[in-house]
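The structure follows.
A, B and C are the chain letters, set down in written order, and residue numbers restart from 1 in every chain.
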Amino acid sequence: MVTRRDFVKSCAGASGAAVVGLRPGTAAAADAPKKGGTLRVGFYIEAATMDPHLSGSKVDRQVYHNIYEPLVTLDTRLGIKPGLAESWSQPDPKTLVFKLRRGIKFHDGTDFNAEAAKFNFDRMKTEPKSIRKGEVANIDTVEVVDAATIKVNLKKADASLLATLTDRAGMMISPKVVQERAVELGRNAKGAGTGPFEFVEWVKDDHLLIKRNESYWNKQGGPYLERVRYRPIPDDTVKLQSLQSGEIDVIDYVQPRDVAAVKTDKNVMVLDVPSLADFAYQLNHARPPFNVKALRQAVAYAIDLEQIVKGVWLNVGYPANGPIPPTSWAYDKAIPPIKRDLAKVKARLAEGGKPGGFEFTMTTNNIPLSVQEAEVIQAQLREAGITMKIRLVDASTLISDGNAKNFEMISFQWSGRPDPDGNVYQFFKTTPGTSFNWSGISHPQLDALLDRSREVGAQAERKKIFSEVTKILQDELPMIFIVHPIEPKAFSQRVQGYEAIPDGMMRFKDVWLK
Amino acid sequence: MATSTLGFAVSEPAVGDRRWDALRRAARARLAPLGAAVLLAAVVVALAAPVLAPYDPLAQDLGNALARPGRAHWLGTDNVGRDVLSRVIWGTRVSLVAGFVSVAIAAAAGGLLGMLAGYAGGRADGVVMRLMDAVLSFPPLVLALALGAVLGAGLTGVLLALGVVYTPTFARLMRGQVLSVKTRDYVEAARALGASGWWIAGRHVLPNAATPIVVQASLSVAFAILAEASLSFLGLGIQPPAASWGSMINAGRGYLQQAPWIVFGPGAALFVTVVGLNFVGDAIRDGLDPRLRG
Amino acid sequence: MAEVVLRRLLATVPVLLLVTAGVFALLHLTPGDPVDAMMAESADASTKESLRRELGLDRPIAVQYAAWMGRLLRGDLGRSIRNGEPVLENVSRRIRPSVQLALLAMAISLTIAFPVAIASAVRHNTGVDRLGTTFALFGICMPNFLLALLLIFVFGVTLRWLPISGYLDPLEEGWSGLRSLILPAVTLGLALAAVITRTLRSSLLEALAEDYVRTARAKGLSEWVVIRGHVLKNALIPVVTVLGLQLGTLIGGAVITEYVFALPGVGRLVVDAVFARDYPLVQGVILLIALGFIVSNLLVDVLYGYIDPRLRRL
């Protein structure tokens, strides 16, 4: 039986470096990584496309982080460390210079260099179906300085850009593959990436296969695995039982209700990975009743976050004080989550002109956890004299209603981004037209702070700005924040060397099978 | 009863000769009171729910979630600590309403359409029956799903969706009746005497058609209840926190290993009710007219 | 005969038109659209608009329908919005599990129904008969999602004999594949067995009362020979009818079973497509299912009319 300590030790040993937060020196006790084997992974849905520039789905990223590589990447504390770029500098706030690693080849044999990097950025900005456009909107032009250096000129200072480049927006695809078969790239990524694994085949509805890249540039650590095989298993219970029965080796998520039971299973190792996500409810500021701030606050004070996190989420998550999760450097633990206070509810109700309570409808997603949470909130509000009706809709309708601002209170679950800006800016900045600012909040002071947070470079100062933002958010309540979920990942005993990064992406470079 | 989409009624062969017939009916008759008892019990439970249910079906008790069946909670508690027995009791209302109302809608709509088709004949007949065939060619669950998505979730949407799904059966039945009655002597006579179509419809067609319609309706109610449960199981239908047996089973699905009572409590209620309704339906069919088996 | 068949086939055209128009209307009436669903984590309005334009979603509904119909007449069922692949390819990938499930369910149902129905009919009105009819009744009344969960609970969770997880192709994986299909096939098969038991029992009873049977009995032939030789063949006709009609429903309609057992079949394909508002996929699949249903009905009618001369005149 593998104890938790053994597992974590093996992580330290495999990656060849001391994992931050662990005592150094425990690496020696771990077994040496073995080469070979097929890792069988179960995710809840299939990837949608193998083209990172056209990808809009979270599951796609899981595969990308093994076959493609971004310019920069994340460490376990969400710090930015070198990826395909070995270093970077900012001569002025509107310029980023990347020095690229030399000698790296794409899986199809072509060179990765500055030309390739520029090609990728240009494609992100100009390809009509590119979903990365918004993410690289602040990039004006990219220049090739020499074969291993690119200069990125920004339209405005943007402190969050570097973090954005740790994901799809920074991933490099082989220009040759794009030029020769761009249309096919979505289904067949052979030769397209530089990562520790390369694409082999994708049989839709069945499996996606990647294999070890024998000529991977990074000689430290892995890849050890021969192959990784992804299978879509939409049903959570089935997925978990496949793991427990040994049919697969890794799953990306264990439902809160199963976590306690699975932790007692000797065949399985569960890793609690705090995520970047924030789950909340948006309140529509443009129509009654939530156009009245006091009534928004009444609802916020009537909700018992602790009870929800304990009773619904079974403590597989943290009560939220705002959009920024505890995993982030910008998290301010000095700001507590809004605490339930029935006296304050009464006061706010009176202030809002509804001393006898009021009625509204909450729109939420038709999945068990969301339904349960809604029912609990409904009961909590009932105690406070507020009547909430629940309207269940499917995911498409939810998005459509949100975009059309056709709701009073609506569920909003954001998977989160490494930079706090990714959890904040587009949701609270005044934006005419369709956007994720579903609440319609337009607060000049908030706007100014949000813009400042992008211009300022120093982390300490940005953190102060985000604290200000959080305080305003708790007052104005465009959203009522509920929880920052933990994403428990589960592995069979044979899996060694996994390093958990809070963005929830499962990178298998240094993983090996016993 | 099996029907092809092309209007060609394929009937089950009639049961053998008199001797077997009578014996069969006797066997059935013994079960009929049982079925009636179940149905009566269901109605009583539904009506008396506020009095019968030991707890408020909406009362949550997060600290006592997933409790095993025991003295305090005869069927245990669900994932937010609500008493399963109380929710099953209240769920009876939803199921009975879903069953009876949707079939009523279907019988009314189908009956009207069938009468129109049968009477008017020709063009109208063709159009109506093609429409009915179209509805029948749809996989019923998908049709109900799509309709539910359009009509919005909630009991009303489910009732309408199920009503639409069952309409063709009744339309076909009514049309058949109208066609057979239309050519009867007394109808010809009435028409010769100048009676209006409506009068004939009311006086002759309806009473004769009533029997098979009632028979079909009684059989359909059980299936309508199952259908509502299926829709709620898929997540449409009754909105939380109200309880429908189907939505309870769906919610309990993830807890099958830890707390199977959440699934099997409402499951048993559903099964027993449907069986009872089937007994009653069969008895009505055999009682009213054993000839009508197709 | 051929003329009748042809007339029937022609009569199905307006039905199919109605079905497709109905689907179209329903889909477009439902709130939400595929682009929003696909780009759930992006609020980039301009990319969404251009995607909508490319998919033709910005044109009036009637125009879209006409365009779809036009492509259909040229044999093009369109492409799924979500994965860009032709609808036919999507369907053909999913058809295999659905067909295998349907066939296995039928096999199971026949294996159960035949002995039960025969025993019931032969031992008419004894305890055996009542057992048989009760079984048939229960089979019809049991909601199939409940049965599925019951089977999962007993065989998957408690006894751990069978996998409750997904699908392995028996043609490729052999025994493991078959094991993955057993529970869902039994779920579907039991309900089907109930229906067939009833039908077969009734028709057996009728056939057993015929004169030629009495004659055979009088000649001293054993009951079993009588049944096998004469009765069964005639009694099978309505059973074939039922099976034929059910096959169409089984393939496209086993939605709940596919859902609960996570099988990548056609039924779930449609439901998932509806949830994702993947219009072309939903339209294409529904059309195919309706077509399949109509064709199988037609075949059954023809077969029935052929076998039973009494009904040929219709």
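Worth pointing out:
We take it that contacts are C-beta pairs under 8 Å (C-beta built on N, C-alpha and C of every residue); 3 or more make two chains touch, one makes a residue touch a chain.
What you are looking at is a predicted structure, and each value in this text was computed from that prediction instead of being measured.
Here C is the chain whose Cα centre lies closest to the centre of all protein Cα atoms. Among the pairs B-C and A-C, the greater number of C-beta contacts is found at B-C.
In this assembly, the C-alpha centroid of chain A lies 47 Å from the C-alpha centroid of chain B.
With centres defined as mean CA coordinates, chain C is found 21 Å away from chain B. Chain centres here are Cα averages; for chain A and chain C they lie 41 Å apart. Counting partners per residue, chain B has 149, 253, 256-257 as the residues that reach two or more other chains. Touching two or more other chains at once are residues 237, 393-394, 397 of chain A. Counting partner chains per residue, chain C has residues 30, 260 touching two or more of them. Residues of chain B that touch chain A in their complex: 58-60, 62-63, 65, 79-80, 149, 153, 235, 239-241, 250-251, 253-258. Of all residues in chain C, those touching chain A in their complex are 30-34, 36-48, 50-51, 54, 82-85, 93-94, 156, 160, 163-166, 260-262, 264, 275-277.
For chain B in complex with chain C, the residues that touch the partner chain are 2, 4-6, 8, 10, 12-17, 20, 23-24, 27, 130-131, 133-135, 137-142, 145-147, 149-150, 222, 226, 229-230, 233-234, 246, 249, 253, 256-257, 260, 263-264, 267, 270-271, 274-275, 278-279.
If you check the complex, the residues on chain C that touch chain B are 8, 11-12, 14-16, 18-19, 22-23, 26-27, 29-30, 124-125, 129-130, 133, 137-138, 140-146, 149-150, 152-153, 157, 199, 202-203, 205-206, 208-209, 238, 241-242, 245, 249, 252-253, 255-256, 259-260, 267, 270-271, 274, 286, 289-290, 293-294, 297-298, 300-301, 304, 314. On the side of chain A, the complex with chain C involves touching residues 48-49, 56-58, 128-131, 133-134, 186-187, 204-206, 231, 233-235, 237-239, 241-242, 245, 247, 393-401, 403, 415, 426, 433-436.
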